[in-house]
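Shared between the two complexes below is subunit A, which has subunit B as its partner in the first and subunit C in the second.
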Partner chain A sequence: MKYFRLIWKNAWRKKIRTSLTILSVFVAFLLFALLSAIGFAFRGGVDVADAERLIVIDKISLINPIPISYLNRIAATEGVEFVTHASWFGGYYQEPRNQFGQFPVNPQTYFNMYPEFNMPAEQFEAFKSNRSGAVVGQELADTYGWKIGDRIPIQATIWTKADGGRTWEFDLEGIFSTDDPRGSTALMLFQYDYFEEARAFAKGTVGWYILRVAKGADPVRVANAIDLQFANSPNETKTSTEAAFAQSFTKQFGNIALIVTLILGAVFFTLLLVSGNTMSQSVRERIPELAVLKTLGFGDRGMLGIVLAESILIMLMGGLLGLGVGWVLVQGIAKGMAAFLPGVYLSPAAIAGGVAMMIGAGILAGIFPALTAMRLSIIDALARA
Partner chain B sequence: MSEILARLEGVSRIYQKGKERVEVLHELDLQIPKGDFIAIMGPSGSGKTTLLNLLGGLDKPTAGTVTVGGAELSSMSNNQLSHWRSTNIGFIFQFYNLLPVLTALRNVELPLLLTDFSSKERVKRASIALDIVGLADRAKHYPRELSGGQEQRVAIARAIVSDPSLLLCDEPTGDLDRETADEILRLLQVLNREHGKTIVMVTHDAQAADFANRSLHCDKGTLEAKEAA
Partner chain C sequence: MRGLRQIFAVTWLNLRNLPQRIGSSVVAVIGVAAVVLVFAAVLSMAKGFERTMISAGSDDTAIIMRSGSTSELTSGLSNDQTLIIANAPGVLKDGDTTVMSAELYVIVDVKKKSTNTDANVPFRGVQPGAFEVRNGVTLVEGRMFETGKNEIIIGRAAQREFDGLDTGSTIRFGQTEWRIVGAFEANGSVSESELWTDVRVLQDAYRRGASFQSVRVKLQGPGSLQDLKDALEADPRINPDVMSEKEYYSGQAAPLSRFIKLLGYPLTILMSIGAVFGALNSMYSSVSVRGKEIATLRALGFGPISILFSTMIESTLLALVGGVVGGAAAYLVFNGFQVSTLNGASFSQVVFNFAVTPDLLINGLYAALIIGAFGGLLPAIRAARMPVAQALREL
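Right, the complex of A and B next:
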């Protein structure tokens, strides 16, 4: 740290040049922050998946319903702690573009399954005791300005009611949030019993089951046992971890991830060229000064360190600024896009990765100038001075 | 003045430029007693800077040995030499070679960064060195805000701040007017007489050489004592 002043002053030797370099680093890392936050949404919760939760779906297709009668048989399977289920409702609020996830569930078991969702106890009780009650996540409540007690009409796109109606009305009884900053709460849950009774067709089925593996049980064996149980039945099942399930859901976005990677790759390649060039120019200009430092007794490691640290410092200044501004923007984007693209989130892993990239880029941009400084011949350099 | 601080024995320095061999120093012997102030004069290209570089551990002889303060320089690695220089040698150059981005005080502090002194201690020592060269009031000035003579004083403060026994000066007044040059030379004299620094100074200026205890003449690879005028 005692070298910090020297490194800092060297970095700011040419203010305009340094500012421009920092600006380009800033832009690169701002882009990095935005793209990784959006990429996170596309990976769709793969990272938040709980390894102890398994999802049971129809073997042929996710959209094929499975009989509700499976519930008890799954629950009775060895290694299963408890089971809940959900179904895809697929409606919209007021206008078709207002789409978000709506799921008929069993309130008690569903919330047991997802302890990361928090809701005041009295709201939860109200939800359980109102057949046409619903709860929504904070994100959704914020998006549409819903308050407890509101009556929310949802237009069905699949599930017409037995009476022919397509409008399902729910009483908003509760608003839940999540402890996990990565988890999205842009969803609406309502009572399966009400859904089951009122829908016109496919009665006696659910969309999928979610189960918790008992402590100590092997999730793979539990999954196999369940699928074996329903083999050769009209509804064969496919049981997988929550992560694998989320992944199969979002495979279609694989290309987006690739494009994001390519864009970032191009940006960082350019960044390396720009900052590497700046660093070598900056070192070339002060060869005599570096020779003086060597004369004074700065050793190989000192010379290498001083130049590398300067390069890393410049990257960190621009990069942290970029991530910081990116973080603020991501908060806004996450709010604004909660309904269409839930889970826009700048994860700690992405931030750590970004900082690692700053240091890595700093080393790459600075290593050749630093080696030049280290290998400098004092005599030649001073003779030139 | 009997104790020998630096000793050159049979020192040759040969530069190989392609096929051409240039023997800059030829089997040179030299003893520098502790507390001496030597001026080295000689025509351009005669090897004066080369000699200083050898004494300061910046260069290694092609043959012979260089011993300074008991250390045999030719047997040391580059990193050992770096470390050794930081505490044993003070360099003063013709063009001062201050870092333009640092203030006078911070320039003087530079050699102390290589020590374990606390930040407070470093500043204290650098301030004392600046005080010795008479520039305590310019501590916060940048080199561009100083005159040539003042810059050279700062460079001298930097050279003495880690209290080395040997100061090597390569034409320290070569870029200064007569009056300023004399001030610098008087300062070197003070450092020699009152602070016990051994000084080897290369100069083209006979008047500058008069400030030293004795003069040596460097030519065609050898050194000769010059009779005092």
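Right, the complex of A and C next:
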């Protein structure tokens, strides 16, 4: 640390060049921050999935409804602690572009299933006792400026009512949130009973079941037991863990996410190459000065350390600035895209990875010049000056 | 005239000793190449997707769905309603029969070859008019499905992308087994991502009774869409959304292509800024290496303008080389590359090819030129203003 001032002075020897290098590193890590946050959203909640929860869907496709009569049969399967269900409503608020997840559910069992959603007890009670009540996540309430007591009209795209109407109105009874910064709360929940009674068709069905595996039971065995039970019935089922379910969705976006990642890897590498090159160039130019330092008594190790530290310092200055600005932007993007692409989040793992990459890149860019400096023969170097 | 000759002479001198500064020049070139590569690659994805979606739609075909549905998947029409549409004004008739196809659109899980996991593949029940209401759909392998039988024909793109869809094989969805009897092409449009069968068979297999989800009709002429719209909207027995097929598919393509562009343009701008820093660095070092040379030229009587231009030209040329390299790489690697993704608007897979189009490449070159100009400007000014005496003394 006592050489910090020397390293600092060295780094700023050519102000323009150092500023430009820092700026390109800044851009690289700004990109890195944005893309890892968006990449996190594309992984679609795989990271927040609960291993004890299983999802039961129709074997042919998620869009096929399953009879509500399966509820008790699934609940009675060995190894199932309890079960709830949800359905896809697929409506929008005011304009078709305002789409977000809306699910008719059984309030009590649904919230038992998802303890990560927190809601004040009195709001929960109000929701349970109002047939046309609804609750929304904090993110959604913020997006549309909803308050408790609001009457929210949702336009159905699928579910016309028995009376032919397409507008479903709900009383907002509660707003829930989650402590997990990775979890999305851009969703709306309302009573299945109301939905079931008012819809025009497909009565007696739900979209999918969600169940919790009893303590000590093997999730794979439970899943197989359920699917076996409904084999050869008109509605065969496919049961998977929440993580596998989320992953299968992510995979549907397919190669696109992978391609974006690959492209970005290339970009990032190039930007680092650009900054690495200028770094080694600037060290080469200073060889006579380094020789003077050696003459003054700096040892080989010291020389190696000073040059490497300078390289790492420049990477850290640009990189941390990039991550910082990226972090601020991600907050904005996450808010702006909450409904369209929920779960945009810059994870601590990504930040740590970023810092590790800065140090790694600093070492890579600095190691050859540093070795040159270390092996420098004073006489030759001074002669070159 | 003399000015031009000077600029030419100095530029030529510059370019000839470029090999001496190869390291930083190559880095600048790579920086620009990466920008153009990523720009063309990301936007070729949006281009390819739009082309696949929009080439499916034609202006002289109308699609009718239940009012308020955002896609065929969420729509629903009764058998009676399809008959009302068949007899509405504006629709083309062939003798006594309307040129139309009332269709059912469901999704089945089929494994994607690339990931070996289930994907939402669209499965469409069609009527015999399906080929007439769509342009350019042709059977290229096997035969047409027979009405009333569990037989499917498969889009070429779906066949390449998903597992177990070869002509001649059978596939099981739930309790029903289907025979694949043929394959069709549709000019690379979204229809090629689909599986087709007889609509009656699909209604039975999915217990949809006699209900449909969309009706496509061929229109008589340019004004017919409005006639049809007016007539159906005035009819109390039906509450439809009527639009041209082209309009429908543009709407279906919009969210995803907007998302890709929303990602692509800021990405390009950010990267361009990074590349400008790279170019600036390389040009500054070029100017400082050539300090003595520039001073000598000035002493010999070359004007500052010729020095300025020569530096700008060097930088622009390097950027242009980068642009060409990046564009060529994008074209070679990505053009025609087939992918499939989940289109949120229809909740089903769309198979499409990346399209690195000429206008993308030209825009990429513009970006390269801008980067080169910005990267060269400040160093060029410095070169032109370099005090001659002082630079020479450093000799």
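Methods note: the second predicted complex is superposed on the first by the 359 of 385 C-alpha atoms of A that agree within 3 Å, B and C clash if a C-alpha of one lies under 4 Å from a C-alpha of the other, contacts with A are read in each partner's own complex, and residues count from 1 in each chain.
Just so we're on the same page, contacts are C-beta pairs under 8 Å (C-beta built on N, C-alpha and C of every residue); 3 or more make two chains touch, one makes a residue touch a chain.
What you see is a predicted model, and the numbers here were worked out from it, not measured in a lab.
Of the two partner chains placed by superposition, A:355 touches none, neither subunit B nor subunit C.
Between subunit B and subunit C, C touches the greater number of residues of subunit A. Of the two partner chains, subunit C is the only one that A:16 touches; subunit B does not reach it. Of the two partner chains, neither subunit B nor subunit C is touched by A:148. In the superposition on chain A, A:198 makes contact with neither subunit B nor subunit C.
Residue contacts after overlaying the shared chain place A:96 against subunit C, while subunit B stays out of touching range.
Taken together, the two structures place no residue of subunit A in contact with subunit B in one case and with subunit C in the other.
If you check the complex, the residues on subunit A that touch subunit B are 2-3, 5-6, 9-10, 12-13, 288-289, 292-300, 302, 378-379, 382-383, 385. Residues of subunit B touching subunit A in their complex: 49, 53, 56, 58-59, 78-79, 82-87, 91, 93, 95, 97, 99-102, 106, 110-111, 113-114, 119, 122, 158. Residues of subunit C that touch subunit A in their complex: 23-24, 27-28, 30-31, 34, 37-38, 41-42, 45, 66-71, 73-74, 76, 106-109, 112, 114-115, 117-120, 173-175, 206-207, 239, 255, 259, 263, 267, 270-271, 273-275, 277-278, 280-281, 284-285, 339-342, 347, 349.
Per the touch definition, subunit A reaches subunit C in the complex via residues 16-17, 20-21, 23-24, 27-28, 30-31, 38, 58-64, 90, 92, 96-97, 99, 155-158, 160, 164, 166, 201, 232, 234-236, 238, 247-249, 251-256, 259-260, 263-264, 266-267, 270-271, 273-274, 277-278, 281, 340-341.
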